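Okay, so subunit A shows up in both of these, paired with subunit B first and subunit C after.
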Partner chain A sequence: MKNKKVQIPQIIICIYLLILLVVVNVIGIPIVGIINESFIKWAMNGVLVLSLVPMINVGAGMNFGMPIGISAGLIGLCIAIELRLQGVIGFITAMIVGSLIAIVFGLCYSKILNRLKGKEEIIGTFAGFSFIPIMNFFWTLVPFKNRQMLYPVGGKGLRPKISLKNYFEGILDNSLVVKIGEFQIPVALILFFLILCFLIQYLYRTRVGHVMTAVSENEKFAQISGVNINKYRTKGIILSTILAAIGICVYSQSYGFVELYDGPFMMAFPAVSAILIGGASSKSATVKQVLIGTYLLQTTYLLSIPVANAILVPEITEVLRMIITNGIILYAFLYKGGSKKYGKI
Partner chain B sequence: MKKRLMVLLLALAMTFNLAACAGEPKKEEVAEVPASGEVIKETEAPSYKIGIITPTLSSSEDEFRAGDNMVKKYPGIVKHLTFPENVNAEMETALSQIVSLADDPDMKAIIIASGGSGYLPGLQKVKEKRPDIITITAPIWDDPELMAKYVDINLDTDWARRGVTIVEKAHDMGAKTFIHYSFPTHLAKEVISLRKDTMKETAEKLGMEFVEVVTPDPQTGDGTAPMLQFLREDVPRQIEKYGPDTNIFGSNCPMYDVILDEALKLKFLVAEQCCPTPTQAYPTVMGLEIAEEDSANFDKINAMISEKAKEAGMTGRLSGWPMPVTIFLPEYAVELAKYAIDNNSNLKEDVLNKEFLDKFAKDTFGVGVDFQSYQQKDNYYMMIMESIFY
Partner chain C sequence: MDSILKVTGLTKKYEDNYALNKVDFELKRGEIHGLVGANGSGKSTFLNILFGNSIIRETGGYSGEIIIDKENTYIKDTSSAVELGIGMVHQEFALIGDLNIASNIKINRENLNKKTEKILGKDFARVDVKRNKEDSEKALSILGIDIDPSLKVFNLSTNIKQFVEIAREIDKVNLKILMLDEPTASLNEEDSKLLLSSLKRIKEQGSSIIFISHRLEEVVEICDRITIFRDGEVVSSYSKEAFDIPKIAMDMTGKKVVKTLRKEKDIKENILLSFKDVEVNYGQRNTKGISLDIYEGEILGITGLAGHGQDIFPYGLMDVYEMSGDVRFNGEKIVPGDIEDITKKGIYILPDERKEMGLLLDSPIWKNIVFSSCHLSTEFLKIPWFKSFSPLKSNAMYEHTDNMIEDLNIKCRDKYQLVRELSGGNQQKVCLARAITTKPKLLFVGEPTRGIDLYSKELILDMLLETNIQDKVTIVVSSGELGELKRICDRIVVMYEGKVFDILKPDDSDQAFSLAILGARRVDSEK
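Up next, the complex of A and B:
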């Protein structure tokens, strides 16, 4: 596709990352541990970022309505826990059930978005936000019986956080870990992520994928060529929702908890930042951008907190860290947007 | 003209409604009087009511359940209302709810258990309207000076004193290092930063190392996930550095899901949660299966935690309070109000002194509680509960 060259945002973030790495080394935080963690963080958040791709590439914008797909995945996880399915079986059941529910949710979601073309991002944000209270009703009223997931005091309704320890915590993180010296590479986790990436990549080499890209690049033209636009948009949106459902399963097994209620509220935003840093626009995104963007953003987050804690006054660290990290991201985009639209800054 | 007529009609209809509402309880009263006159039965609802307002179930489980428990224990006496879900945005509604309780002529006591601020004007209004109503806060966090002036009884946890007690307890449990996790919006709160400073002082006095770590802020944007993710990464690093004889304290309740989970793996000490309770984090982390009938049975829950701690080889390395303070205080307030009304007590003389308050807690709940008056105010008491070691 188009954006082959390394763009300014990536360069700026890379420089920032390098500076952080140097500082980490100087302060004496074990760098190997940090690199090991960065692999996990990369893959655990990666699938959620990947879930943005299909929607962007059918011209439905960034999926700010990601909580919808996430909720589907959460239901899948809860059902697996309710049935007390452990290990691989539990994890696969969670993903399959989550995906099936995501198809239904995605269908409804696409109905809304297809009626309001051109405003998908803001509509998606609202759809996602308003979906959460509906799910809150569901979590409180659902008649599950596994007491490990019910409120301890009232005995009814699901807990805000459910531990996966007895089920499939770290099922991907901890299986097939290859140790090279001190480095630990979670092969299963990364492989799972890369296979999903490959499948999406492959999709865009098929006829369906080509049509989807055409829809996002020039909707009018695609329509004149006899493409049923809404059909392809629906497909893209459902695919995004399914990937979000799978994404939360991967995220949760790594995180160790299933976070219900307001948990999914803000999850779309870091994902969108990641894909933007990777160099995607709201009209086109590639798998490569997902891989690069997620790694850069998550590692920046991973490094900046210990560094800030070590070299700054404790009270002010978090404030400064937010200003610097978000400021750099903003600067990176300003630089890109500025040079494109208004000449050089 | 038509519009005006409509408005007038509507207004009339509404006044009738109001009148009808106000009229109803009187009828009940009339109906009740001969009944209680004829046969005096213990089970019959007495002619007074106690109102309690708590947050909703989804915003704070404990206080809500406490209110609910009291309704079940004293049906017909306790009336339980909930504040709007997003109280800060709908303070007016919250205040009118408080005042509306005083409309009932049978209302004898109003209790607010919320852990928020801005409710004081409501209680002031109640007092203006009905000076006979006993008002209790359990707790609210408005200006203590004004609360002491306008509210009959103020109860709260002694957050600042815990700065001393938690560190001392950790020291007794064998901690050599004390790690304090917090974030900017919390450290900006006076109570929390005061407690942190007290902790630091106490730790230095006891010869422990005090480490302060700042986490991503859960209240500015992305929610609790980045904070917890950071704890997942940082706690093992810190324990590797300082060894397992380290006590970890976090200023925010959700942190304990991760802190306790890591504690079971890395065997460090957790002397007390920020809001010490067996019902938070422990059931999640330990995967406790609490049967529905045991849901308010704290002895049983504590026993289950002890057992799981033993399995993990953590006996004596985890501690907390035997029951959640967010359930204790609202229920205590209701019991206290009921006692005062039943015995027609003089609040200042009979109730508001340390001896009575401590004894009343022991008698009604069976837990040792240490009340101390806040800045010598005679109606503002702060408490610390006895510890339980798992």
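Up next, the complex of A and C:
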């Protein structure tokens, strides 16, 4: 239980981060701005990463099917815009509506995953990918009336990128910003993120959490002890889906746009990458790992952009991003296989 | 007789603990040498070293001398051990279910078609299936098993699998030393006898055998010499003339083993749980018309040959097997498979596969002990009104765990130690502690003493008796160890081909039991 060893992905990413920091200094990019930005990136992506935790801890693996939850959140956002709700009310409506839809989506998703136990990660990937075309139909056919979200030409179907400028752009980022010297801390955003973290942390101190972690550790054991496994798995999967819906709302208000269509396509990967850097495995994850992993990964992204722009071809940033994200996931799977190999004779 | 294996001053350290300390050991050509000792006494480490297990290498290797066939060797990995002519049969099976028996036996030593071998080389030559079969049949016939080697292994019962495993080892041409780690643990008494007699035949073929078992009767019966391990050291060694079970048992534990025995008690025929005309599906089998009544306050034993369905009752209730039919608990109808309802009513199950189903191996002891109670009762909830979302009372849980560790004498570092690190006997105690904590009305226990040493065995049987009498828990024990059942049970059910064949009293004769186990109708004075 008390395994405090620093794992290799963490070491690699920390070294990479240090190198970037040194280069940033040498090039002369202001470090304060980057640190300020890093807080926003941390909380903005943090909720999506946090959404992985319930599913991992109920034995359903990394949620590669995150686009399903994200789509639910996106519907929530679109409905809030359609109703022309601005400010806090709009944001809260988006989250509530998104969560309600996420419950329905999560229920269907859990039905699939409970039938195909043991292969959740690959099934989730495909479920997520195949869900996007279905949602694309929805986005083009949905009879919304607000012209700010429709295609400017023709006036039918939602546009791929809807601006939140007139609604709730930066609602969390820009309220309650505390300035200490040059540093700016977005208290509302971080507080919102930390409250969600605390709630999840609390969950694992309760009876439900206790049972959930046991299900992920040894399903047969839980069954023999009288636990209805599928019920708990369903609960965990729905919770993950809801958190993903809330996560995309938080992400969108920071980003300033609602990205539809292929927007959610690859969103699961950086999140999975982040939690792996934090030291999670596909059997157990903690909130602490979410906090550490997200901060390390997002800051790396943040630093690599100006550095790559300054010393390499500008387009290289996106390539680097992909290499880091997917490389870490691949490493984590390899590492898992490796420990198996040496575990037995 | 000259010696085939000679070990001097063998020492193995895990961090600061000596798993083996200056062990001297000699194995003569063509003898069966028994190794006995309590759990954790170093027998397994000894075999692991001889077989070049990677755990040994990864934790820093060993020191000491190993002389095989007059040659001083250092066994660095498994393949070098195999080259030296050492074969090992593990407690867990290492068989490939999708291959047939012959392929499993000849794996990596397949007979090849000579012509294709010349043209295509060893790796791509055609496998000579026919000769593989012949070789397998030969190896199996040494063991006294008559079975078609083209059957797939996953279809076989546990005992046959064990024989296939041994056949694979004796098929090796250069086999000099065969090591068996508890080969009879998963076998019932009949099959054990068969195995033991086949070991004698292997010995006659000229191989030497190292034999580990917790059943002293077996060891005494077939071994030529016995070496006793205790706490990583060799305590004593006896040859055939000086065998004396009580003395060996003394040497193993360092203290005297008192055999547990039940006291006569009055059981009123109050039915607690009844199965009536129940149908069960398990594996590829289906049995109908099973009926059994369990009386309140009794200890009921269930025995039979492996695979004849001793475990259908608990597993059927808990949805591991499919069960349907009329089941009543305290007169109330219950639905088999509705696990939440069944556990809430007070039926609790400790499965026979302790490590796979009975424990959270990577969790600390405290979590293993309180888990079910947290789940089933409100005992450890801080704010019961919150129901499942209430935080847990950590102090109460820790305190309870400490009490349990003391009461049941669980040997561990502290309550935070992972269950994986405990020995088999202590793991079983943790299981029992969990069951007792839930205060069940009816407790099913599967193979409570499997893989547990002599001394701990009695402690566990004692604990079962105590729970039965003091906490008034009705207990159903399913086990292949008839001797133990006879000592603790009030009634013993014999299962045959998935059905309740007969219900006997513990003081019925051994002969009556053997006949019932083999499915022969009882013809005695009662009729």
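Keep in mind that, in the parts below, the second predicted complex is superposed on the first by the 306 of 345 C-alpha atoms of A that agree within 3 Å, B and C clash if a C-alpha of one lies under 4 Å from a C-alpha of the other, contacts with A are read in each partner's own complex, and residues count from 1 in each chain.
Criterion: a residue touches a chain if its C-beta (ideal position, glycine included) is under 8 Å from a C-beta of that chain, and two chains touch if they have at least 3 such contacts.
Only a predicted model underlies this, so the values are computations on that prediction, with no experimental measurement involved.
Residue contacts after overlaying the shared chain place A:Phe183 against neither subunit B nor subunit C. After superposition on the shared chain, subunit A has more residues touched by B, the comparison being subunit B against subunit C. With both structures placed on the common chain, the touch criterion links A:Phe126 to neither subunit B nor subunit C. In the superposed pair of complexes, A:Lys220 makes contact with subunit C only, with no contact to subunit B. Once the two complexes are overlaid on the shared chain, A:Phe198 sits clear of subunit B and of subunit C alike.
By the touch rule above, subunit B contacts subunit A in their complex via residues 57-58, 61-62, 65, 68, 183-184, 187, 212-217, 220-226, 228-230, 232-234, 237, 254, 257-258, 261, 279, 283-293, 295-296, 301, 324, 327.
Listed in rising order, the residues of subunit A touching subunit B in the complex are 29-30, 33, 37, 41, 136, 140, 146-148, 150-157, 159, 161-163, 165-166, 255-257, 259, 261-263, 265-267, 269-270, 301-302, 305-306, 308-309, 314-319, 321-322. Subunit C contributes residues 53-55, 58, 78, 318-320, 339-340, 342-344, 348-349, 351, 356-364, 367, 371-372, 374-376, 381, 386-392, 416, 418 to its touches with subunit A in the complex.
Considering their complex, residues 1-2, 202-203, 205-208, 210-211, 214, 217-218, 220-221, 223-228, 342, 345 of subunit A touch subunit C.
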